[in-house]
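What follows is a pair of complexes built around chain A, which joins chain B in one and chain C in the other.
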Partner chain A sequence: MSTQFSAVLDALTRQRGVRASMVADAADGIAIDSNLQFGQDGNRVAALSASLYRKARQSARAAGLGATGFMQLEAEDGRLCILGGDTLVLVVIAEPDANVGLIRIEMRRAAEQLA
Partner chain B sequence: MITASVEPWVDEPMTRFVRDAGARIALLLLPSGQVLAQFGFTRAVDVMAACALAAAIQASSQEMGRMLNGKPFSALHAGRTRQFFLAEARTARGPYIFLTVFDDGSSLGLVRMYFDELSASLAAAAPPLAANPEPVLAANFEGELNKNLAVLFGRA
Partner chain C sequence: MADEIRQWSDELARDPGSLVFLPLAEALRRQGQAAMAQKVALRGLQRHPHNGEAHDLLARILTDLGDLQGAFDEWDMVLQLAPGHPGALKGMAFVRFQQRRHAEAEEFLVRAQSQEQDENLAAAIDVVRRSGAIAPGTILVDPFSEPRHLYVDLLTPDQAAMCLDKAGLVLSGAYYAGDGQDVAQEIGASLSGVSDEAVRATRHLGIGAWKSIVFETEAAVVALRPAPVSPQTEGGLVVVAAVPDTPLGLLRRVLDKCAQRTAEWLSREAA
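Up next is the complex of A and B:
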C-alpha cells in the first residue's frame, strides 16, 4: 500500500549503505510507513527508536543543550540514524561503513518534504 | 519495584513488563474479574474496582468486535497524557486480561511490544491446568476475590 511517505522512504533506502527506513509517530512509537528488509521487525524498531529519540531529547533539554535534531547510534553491525520532530521520527538503519554525512543530508531533505 | 501476585508463575513476566515498559499501573486478572497480580495500586478497593471495570470493558469490547468485525478486538487503548491499554493474554490455562496505565515516560508502541513479550512469557510459564478445574461459582466469587486481595496486600 502506497502512502504519502512511500516515495520519500524509497529515495532514502536507495542511498548507498542504507538497509531500511521508516517513519514513526514520535509520541506513540507506532510505525506509520516503512521500507524494511526481511527479518526486521518494524514495530519493535519504531517503538524503540521513538523511545530513544524522546529520551535523548529529554536528556539534551535537561543538560541545557536545547533542541535535538539528528541522533546516531553505532552498533556492532550497523548504525541507527534518527531525525525527529514534534510529531514524527524518521529512522534509517545503515551499514557500519555507510556515509552518515550523506545520510543525514538525505534525511533532512526527506524531513522537509514530509513537513 | 514491587509487583504482588497471587500465583508465583506470573511474578517474573509481570515484573519484567513493568520495568521494561515503564508502566505506572499493571493488573493481571481472570475474565471473571478475579485479580492475579498487580503493580502500582495502594488500596485493595481500587484493585477490586479496576478488575471489575476491566473485566466488563473486555467482555463488552470483545462482543462488540464480534458484532462489527466477526472476531473479538485484540486490544483497547485510550487516553493522551495518561493512557490505558487493555488486552487479552492467552495461555494453556485459558485467557487472562491485562490492564496497564502509562504516561509520557512510555509509549503505546513500547507497551504493545512488551505486552507481546509478556503474553509469550505467560504462555510459556503457565502450569498445566488441573484435570477438573473448579468452576467459578457466584457463591465462591466474593470469597476468592477477598482471598486474592488479602494475598496481594499482605493480609493473608
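Up next is the complex of A and C:
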C-alpha cells in the first residue's frame, strides 16, 4: 500500500547505513507509515522513538531552550535519528558507522516535502 | 581543614570583631559551602566595611553562587578602597567576558597588567584582542581549582558544560544565562530525565547501550553522554550546550573532552 509518505521513506532508506525509516504520530507514538527490514517491530520503534523525542522536547522546554528539532541517539550497535514536528516525527534507525550528516540533510529535505 | 574551620569559628564567636572571618569564609568557600561562606563574609563586612580583602572574598563567593553582577559590584568596591587591585581587575574582566562584553574585559585586563607583571595576563589580552573567542578563565583560572571551573579552558564563551549526578544535581561546571546568572542547576534538572528514556529506548530496540544524545533546540544545541564511572557519578551525565549554529561534530568533540576532564577530576578527587 502506498501512502503520501512512501516516496519520502523510500528515499531515506536508500541512504547508506539506514536500516529503517518511519513516520509516527508525535503525541501517541503510533506508526503512520514505515519502511522496515524483516523482523523489525514498527510499533515498538514508533512508540519508543516518539517517547524519547517527547522527553527531549519537554526537557528542552523546561530548561528554557525552546522547541526541539533534530535529535540523534548514538548507541553501541546503532543510531536513532529523529526529526520532530508538532504532530509527526520522522524516524531513522541506522548503522553505527552511518553518515549522520547526510541522513540529517535527507531527513530535513523529507520533512520539507511532508510539510 | 575541618579543625581549622572549627578553630576559626570558635575564635570568631569569642571575638566577633576578629579578622579571622576572612580565612574562615575562604575555607568554607573552598569546601563548596558558598552560602555559608557568604554569611560569614557579610557578617565580617558589617564590622569591617572598608576592608578590601573582605570585599574581594565576597566577590569570589558570589561568583561561585553564580551572581556575576553582584561579584562585579563587590570588585568595584575593592577598587574604590584599593585602586588598581589586580585581583579585582582580573575578576571584573572575567565577569565582563562571561557577559560577552569583550571590550570592557580587555580594558580590565590591560589595567591589571599595568599593576602586575604576569605572563598569563599578557597571553589573555593577546587572545582577547585576536579573537574574542576564548574566555579569560582559560588563562586566569586553574580548571581544577573549583568544580565550577572544571571545563573553563575547554570551552568558548558561547559553550557551557556540566556534569550531573543521577538526581540531576550539578557536580561540576556551570551554565551562565545571558544575564550572567548560573542556571546550571535548572538546566541540569530539566535534562537529566532524558537519559532514562534513552536507556529504555536502546534496551527495547536492541541497539546496545547508549553512548550519546545530541539534539537541536531553538536556543542551543545540546549533547549529553553518560558520566565517567565513579560512585559519585553513577547514572549521571556530562552535558554540553552551545549556540544553535555550532556543528554537531564539533559539539561531540567538546563533549568527549569534557568527559575526559571529568574522569581526570574524579581520579584526582579519589587519590
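Following the convention adopted for this analysis, the second predicted complex is superposed on the first by the 115 of 115 C-alpha atoms of A that agree within 3 Å, B and C clash if a C-alpha of one lies under 4 Å from a C-alpha of the other, contacts with A are read in each partner's own complex, and residues count from 1 in each chain.
Here is the rule we use: a contact is a pair of C-beta atoms (placed from the backbone, for glycine too) under 8 Å apart; a residue touches a chain by one contact, two chains touch by 3 or more.
Nothing here was measured: the structure is a model prediction, and the numbers come from that model.
Colleague: Should the superposition on chain A be reported as showing a clash between chain B and chain C, or a fit?
Modeller: Here chain B and chain C can both sit on chain A without a clash.
Colleague: Go through the superposed model and pick first if A:L80 touches only chain B, second if only chain C, both, or neither.
Modeller: Touch status of A:L80: second partner only.
Colleague: Under the stated touch criterion, which partner chain does A:A56 make contact with: chain B (first), chain C (second), both, or neither?
Modeller: A:A56 contacts chain C only, not chain B.
Colleague: Looking at chain A, does chain C or chain B touch more of its residues?
Modeller: Counting contacted residues of chain A, the larger count belongs to C.
Colleague: If you stack the two complexes on chain A, which partner ends up touching A:A27: first (chain B), second (chain C), both, or neither?
Modeller: Only chain B; A:A27 stays clear of chain C.
Colleague: Would you sort A:A7 into first (chain B), second (chain C), both or neither based on which partner it touches?
Modeller: Neither partner.
Colleague: Should A:N43 be classified as contacting the first partner (chain B), the second (chain C), both, or neither?
Modeller: first
Colleague: In the superposed arrangement, which partner chain does A:M71 touch: chain B (first), chain C (second), both, or neither?
Modeller: A:M71: touches chain C, not chain B.
Colleague: When the shared chain A is used to line up the two structures, what angle, as a multiple of 10 degrees, is there at the CA centre of chain A toward chain B and chain C?
Modeller: 100
Colleague: Report the closest approach of chain B and chain C over their C-alpha atoms in the superposed model, as a whole number of Å.
Modeller: The answer is 9 Å, the least C-alpha separation in the overlay.
Colleague: Could you give the residue numbers on chain A that contact chain B in one complex and chain C in the other?
Modeller: Dual-contact residues (chain A): 44, 48, 51.
Colleague: Considering only the defined contacts, which chain B positions touch chain A in the complex?
Modeller: Going through chain B, the ones touching chain A are 104, 106-110, 112-113.
Colleague: Looking at the complex, which residues from chain A come into contact with chain C?
Modeller: So the residues of chain A in touch with chain C come to 44-45, 48-49, 51-52, 55-56, 59-60, 62-80, 93, 100-101, 104.
Colleague: In their shared complex, at which residues does chain A touch chain B?
Modeller: 24-25, 27-31, 43-44, 46-48, 50-51, 54
Colleague: In their complex, what parts of chain C are in touch with chain A?
Modeller: Per the stated touch rule, the residues are 183, 186-187, 190-191, 193-194, 197-198, 200-202, 204-220, 222, 241, 248-249.
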